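Following are the structures in question.
You will see chain A twice below: alongside chain B first, and alongside chain C after that.
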Partner chain A sequence: MFHKRLYQFVFIYILGIGFLFLIKKVLNLSDYVIPSPVEIYETGRKVFLRYIPDVLNTLSVAIIGHVLSIFMATIIGIISRLSNWIGSFIKTAAFNIQAYPIVAVAPIIFILLGDGLSSRLLIAAMICYFPLLLSFIGILSEPVVDIEHFYVHSGKMRWQLEVKIRAFENMNKLVTVISGSATLAMVGTIVSEFIGASSGIGYSIRIALYQSDLAKILIALFLIGIFTSLYLAFLEWLGRIVVRKWEHNS
Partner chain B sequence: MKNKMRIFILLLTLAIIIMPSGCSKKNKEITKVSYRLKWLFNTSVAGDIYADVNGFFAGEGLDVEVKEGGPERDAIKELEMGHAHFGVASADQVIRAVSKGAPIVVIAQLFQINPLQWIYRSNETKINNVEDLKGKIIGITFGGNDETIMRALLSKYSISEDKLNFFSVRYDYTPFYERRVALWPVYRNAEGVIIGDKLDTAKEPVSFFDPNNYGIHFVANSVITTQNMIKQHPETVKIFITALIKAWNEALNPANSDKTVEAIHKVDKDTPLDIIRRQLDITRQLMKPTDKTVFGSIDVNAWKETERIMIEQKLISAPVNIEKRLRKEF
Partner chain C sequence: MIECKNINYKYHGTQYPVFNDLSCKIDEPGFHALFGLSGVGKSTLARLIAGQLDGFTGKIDNKTGKIFYSYNLERLPGWSSVGEHIAKVTPVQNKNRINEIIESFGLSSCIDSGFSHLSLGQRNRINLARYLLQDFDFLIMDESLANVDEATREQIIFKIKDMYPQKTFLYISHSVAEVSMFCKNIIVLRSFQKSPQSLTVLGQDDTTGKSVERKNLEKTMLEIVNVS
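Coming up: the complex of A and B.
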């Protein structure tokens, strides 16, 4: 699964780079606008190893932010199914907060928390938390009538059981949502680094942008793609194991 | 005889068909052009706004769309892509682009003195010479031209970088307000006035550290176009730059201050009029430091120094002979 994800990413990346070279050729653009293959190669030789710790730094923050978001979304998702009012209130709040552009909110976060890990973590979590929360609320509030009515009528229904039934019946959906939000966590971390932090690959991209160095940015994008693909593949693998285990236990 | 006559008529006909189109191709000028600025509308682009508002381009038969710049805008790339005909770019951008084969030409230099300076609290930090920077925490934008300028200064005065501390600068000035950083980079004629004002209100006097006073002549913003534009539409380029320089001269003329401030305030409503006025006074000193300074004149030596600094700091790998891209006459 891991190598399949990598092949797929590398294929997409090559297609993208090829498209850029095509534009460069057709419009006869200089290396300043779109770098030449030689320049990309030379830049890659210089910065590839330097960028790997930066990407790992970003990925680690993204993973922590992602895990925190999953944890919080699960709790809030469970609470919000207690009553229609709470559910609707949390949903409205989530929609509203989601609507705020992070680039406008991030400077406030950096002023309050500084440019360290906590700001990056919070922004990463904010970006992936709300979509997760909305999906979790949707899944956990939707009754699985065929199964639940038996427990309801026999008086054995407890909230823990209700959550279990709904989670189990929608496990594939939950795995997809969690995997999907992983990319959001990565994007959130990169955006936060780009705006205000002093480390991570987003910070390196910002410096490269100041220097109008697209070659460096392309190398950074390559590494981001590779590590994000690996993380996604890992989540999918983990999801399959969990689904298999649940099915086996039931 | 008949054949000769036929050939003559044929050649004449061909000449009639080809000649006008050939001539028109060479001389065909464009009247609708786009001009991409480097930054948002503020006092740094006073003359550009003045030209637009007061019809300097229209008076010469040019329809110029003056477009705001911003951190994510790059006039050089837009020129190459054909999205703009003229633009404003900093010297380091121009040199970097030329080193990568961008076909651009500088047609006017806006600032004679680089507006990038470092603000500091004069009652807490004493800086009388470059040596005084030692032991201080200095804000720099890593990758930005303030980093290049500061490193060039330190190199010129043989000050090792471990003798001071750099602080990575972003958009918000909180670290400076909180005194975590002693010197903070600002554009003297823009944020310099605003931050200076705020600190003044808090009874904290400020001063500015200007690398230019210590022999670092790093060129700032200039007006650029493409080689192709000069070749294909020389008259348009000439009309554009003449109108622009005329507008800048009028905008910077102290007698027209009110008119200029009013024009800027129309597009920069968030900045109070008195701040714009003070920004304009400083902009004037940076663009026309003496009465004899010809606005827009290109300081070739400063450009060469900028190129030398960039080579020294390995920002470009080889000389680009930037003087060949400076077009002083039209």
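Coming up: the complex of A and C.
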């Protein structure tokens, strides 16, 4: 699974680079705009090792933000099942807030919290939180009538059991949603680093951008792709283990 | 025990009512049936009696006590074996009945399996078993023995009659022969355009499998077919 993800990414990356060279050739652009393969290789030799800690820094923030979002979405998703005003309020609020591009409020976060870890973490968490929350609300609010009927009418239903039934019945969906939102967490972290942070691969890309050094940016993108692919593959692997374990029990 | 008086009911967004001044009653314990053509409202009436639907006019008098409604599409959660599930949902005072029911329903071999690994007939029997282990007074069995072979179905019905002589059952089935043979009273539900919308036919109420005369059985079957 891990190597499949990596192969897929490398294939797409090579296609992307090829497309860049095609544009360079067709439009007759200079090496200053799009560097030659040799220059990219030389830049790679210089910055590859230096960029790895930056990517790991970004990835670790994204992972923490992602885990926080999953945790929060689970709690809010559970509360939103309620059929009273709290549940309705949470659902309405979630649907409205997710319609707003959260990244636009990033500058406010930097003004309030500074350019440190907390700002990056908050933005990463916020960007992947709402899509997660909407899916969790959908899954946890939808009754599994054929299973719940007995518990409801025999008076044995408890909220923990209700959540367990709905989560179990939608385990594949939950795993897919969690894996999908990991990319959003990474996007959120990198965007926050572009805007105002003082560390991480997004910050390194920003510096490279100021230097108009496309080679450095391409190396950074390569590393981001590799590590994001590894994280996604890890989540998918974890998800398969959980689904298999639950299916085995059943 | 249960009496439905002048029930009128229409699903939201539909043109025609399901029930138009429907009245029927079950006034003694035993094994009764609700019979009718597909779409005539058997499950709807069952759910009204069980208190799972509202928005109707008329009156349902329940002097029987706790009503349960089981149907054939129900599932058990997948995270534990059916045996563990049954043990968990059975009230303490009924635990001594688990083995008897499981054995007489022919389920001993699948007690350690997960619900999704069972055949449709086994699933329905397990589902019915867990309802029978609850503290109920009136149990509605909405095609609860669907996909179960005839011999096992007969054995299960006799066992239920033997174990619960004081309880009331409302058995919903599409088999005229089955309801004629095993049930005390058969409430035949008809289209809302017919008046009265339901008629009750006296069944053979067989408890042993040998005592019903073929002639009487055929008479009951004919009567049901004629009124439906």
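Just so it is clear, the second predicted complex is superposed on the first by the 237 of 250 C-alpha atoms of A that agree within 3 Å, B and C clash if a C-alpha of one lies under 4 Å from a C-alpha of the other, contacts with A are read in each partner's own complex, and residues count from 1 in each chain.
Here is the rule we go by: a contact is a pair of C-beta atoms (placed from the backbone, for glycine too) under 8 Å apart; a residue touches a chain by one contact, two chains touch by 3 or more.
Every value quoted in this text rests on a predicted model; they were computed, and no experiment measured them.
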First, second, both or neither for A:246, with chain B first and chain C second: second
Which superposed partner A:212 touches (first chain B, second chain C, both, neither): first
Contacts of A:168 with chain B and chain C, given as first, second, both or neither: second
Touching partner for A:150 - first (chain B), second (chain C), both, neither: second
Partner chain in contact with A:160 - chain B first, chain C second, else both or neither: neither
Complex interface listing, chain A residues touching chain C: 146-147, 149-150, 153-154, 156, 164-165, 168-169, 246-247, 249-250
Residues on chain A engaged by chain B in the complex (per definition of touch): 27, 29-33, 35, 39, 107, 110-111, 115, 195-196, 198, 206-212
Touch list for chain B against partner chain A, complex: 74, 76-77, 80-82, 93, 96-97, 100-103, 141-144, 168, 170-172, 174, 315
Chain A-touching residues of chain C, taken from the complex the two chains share: 50, 52, 68-71, 73-80, 89, 114-117, 127, 130-131, 134
